[in-house]
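Quick one: the structure is below, and I'll ask about it shortly.
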């Protein structure tokens, strides 16, 4: 409990420092917000254009697909606020050797590396995508709003997939000294989460749910909202984060043991 | 700076060489860049289009059949990746922002040239390898690809790379005035994804948008070469592509000369 | 006081790979890599006490940084043992990390875009310090370093010297018992260098931490180090005081001369018995225009020592 309070107070300090740093570069700040909206628009435009020419993709119509996309973007926005900047800086830290300094801090190294920068410029995106979700759900004929409560479990599950996946890829940078392309692999992998799981059939879909569980980012939550509740999905969503975090911790320990600093 | 033609080529070949050698040095990186990532992206896009056609009520969408879209889905990410510059652009921006550009400024070579040749050399080697993926998939699925059109298509793409580089150059010049330019890179590249046709085939867009996108030079990066390669477009379209890139290089080139001169003059560095 | 750092037969081996010039060799290196084992540190056995500054000296690649990084827990040794403050450094126990600090002269640990004071309040939280105590300490250290006026300026707007002072405050904020300083004066002008030197001297007297210091400036070592560790090709070749090192060295004098029609000054270190020989050698070189004989200083001896070490073996 005491520990939790300590980390909360550190986090508060991180937030303050990030805020101060972010508004230092005003123009950059504004452009980042705009870039985020362009990104969201491209994802929406893709499906809006496709649905001009067809009525159903996989088993969803346009209204249902919108729910899926806004949900995916909503989860993405939380990830962007909390962690993305840190992961972007990770490779640089390895290459320049500043990782040394971060590892010398007497707090959990995973926390230090993943959370010290909070992206203030993405906070508007959080609200916009949340509003988009609500709007797209309101378009559905008979949506049971109580179902939203399931998201309390499923959004953290989706986030854990993104967090652990990205962190694990970054750890790999330690093993290979230079791995900037891992982040491009990440973008490709992340696309798996941004496409509805209905496009993947059979074996592949099972992999996406259980092995590389990107389906948990938005596809499964969207199915829970849009279709009759399948309880195994919720159960899996509750168990998954624990599995992933445990595996990640093991892997991180292994990578650190392999770590030999860049600058010697 | 007076340079003879031969010296120009010697210098730039050496730089292209540098780009290639640096990237082969990190083999893990290279394998990911040249194989794994293309396979992943192509895989996802192909699956999306297969799903679309599975549930579509017609055998054709927007006048083209399934194979035609698969061809698009296979080649668009490939071309998109060639024609987008993340790595060298951030390297250039970093040089300007950190002040390490001084070492290049003091050498008898221009900053522009220094990175252009490296970028093209590097793109060449990754393209060579990563082209195996779309070619293999196209042959396997018997996709409508006119292989004899490939050389001239790649020529347009290479020409377009010069334009891409000018844009990167402009973004990094911004570093003379602003301390952080990363957001410009992100915003620009995302917009280009849409404008180039990487995300959605431009001919599926509403007519007015289609016209606009074809008028802009950015469709020469993905849509036009691909349309020509897959038979969606004719030689006329390809010519438009070359024409568009030419005027864009002229206009943006002029801008970059002006901004570069002004930027260097008022450049103060960060005192590091 | 007992020793805070103890090591026995500490060693570290790295693996690197070699490649010849050109694209073809790059392609070859792509599938067939020749790995070379490089010994960075070998059989290092040493003891360091609290309140002492240890100067770690050696040429580039001699193994200084490796030793420093093993002792601070950043890398694992491949052989031998080490305890720092009773901990195995590479376990990176939080209690251990709270009592040590590392400062790398060419890297920033403070946040680039915010003011040092903001960075310090972040560090205060990270090291779990009392806010008021930490604030008082910042003021005290800033006063000692004579840099109170820049505490509220963003780090990136500061000069190199000011930035280094800020980094030093940051690394001392939690009053570490062991402090690793890697090139703390690198790139600084003479005034800033001596300011930092004087500060460190006073600081050690007052707070009694153990400090391990590497520096390319022998003045740093000569003024500060209570104990000198000379390291060459990964091995500790001398462990003792600076004074003792100077007395055991048989090089006592330095002859400086200039030949006629030359602007270059030549230098020769020698011991007292060698004087006739050295003079004869000088006379044989040509017509002498100018001559000086001086006592050798620390830097001279170290330099000739390192030169000899790198030419033998």
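Things worth noting here:
For clarity, chains are labelled A, B and C in written order, and residue numbers in each chain start from 1.
Rule of thumb we're sticking to: a contact is a pair of C-beta atoms (placed from the backbone, for glycine too) under 8 Å apart; a residue touches a chain by one contact, two chains touch by 3 or more.
Just so it is clear, the model here is predicted, and its values are computed rather than measured.
Contact counts per chain pair peak at A-B. Comparing per-chain C-alpha centres with the mean over every protein C-alpha atom, the closest match is chain A.
Look at where the CA atoms of chain A average out and do the same for chain C: the two points lie 43 Å apart.
With centres taken as mean Cα positions, chain C sits 47 Å from chain B. Chain A and chain B have CA centres that are 27 Å apart.
Touching two or more other chains at once is no residue of chain C. Those residues of chain B in touch with two or more other chains are numbered 179. Along chain A, residues 24-25 each make contact with two or more other chains. The touching residues of chain C, when paired with chain A in their complex, are 14, 40, 65-66, 69, 72-76, 92, 94-98, 100-102, 104, 107-109, 111-115, 118-119, 121-122, 124-128, 154. The part of chain B that touches chain A in the complex is made up of residues 26, 28-29, 32-33, 36-37, 40-41, 44, 47-48, 50-52, 55-57, 61-62, 86-87, 178-184, 186-187, 190-191, 193-194, 199-200, 204-206. Note for the complex: chain A touches chain C at residues 6, 9-10, 12-14, 16-17, 20-21, 24-25, 96-98, 100-101, 103-107, 109, 112, 257, 259-261, 263-264. Within the complex, the chain A residues that touch chain B are 24-25, 27-29, 31-32, 34-35, 38-39, 41-42, 45-46, 49-50, 52-59, 176-182, 184-185, 188-189, 191-192, 195, 198-201, 204.
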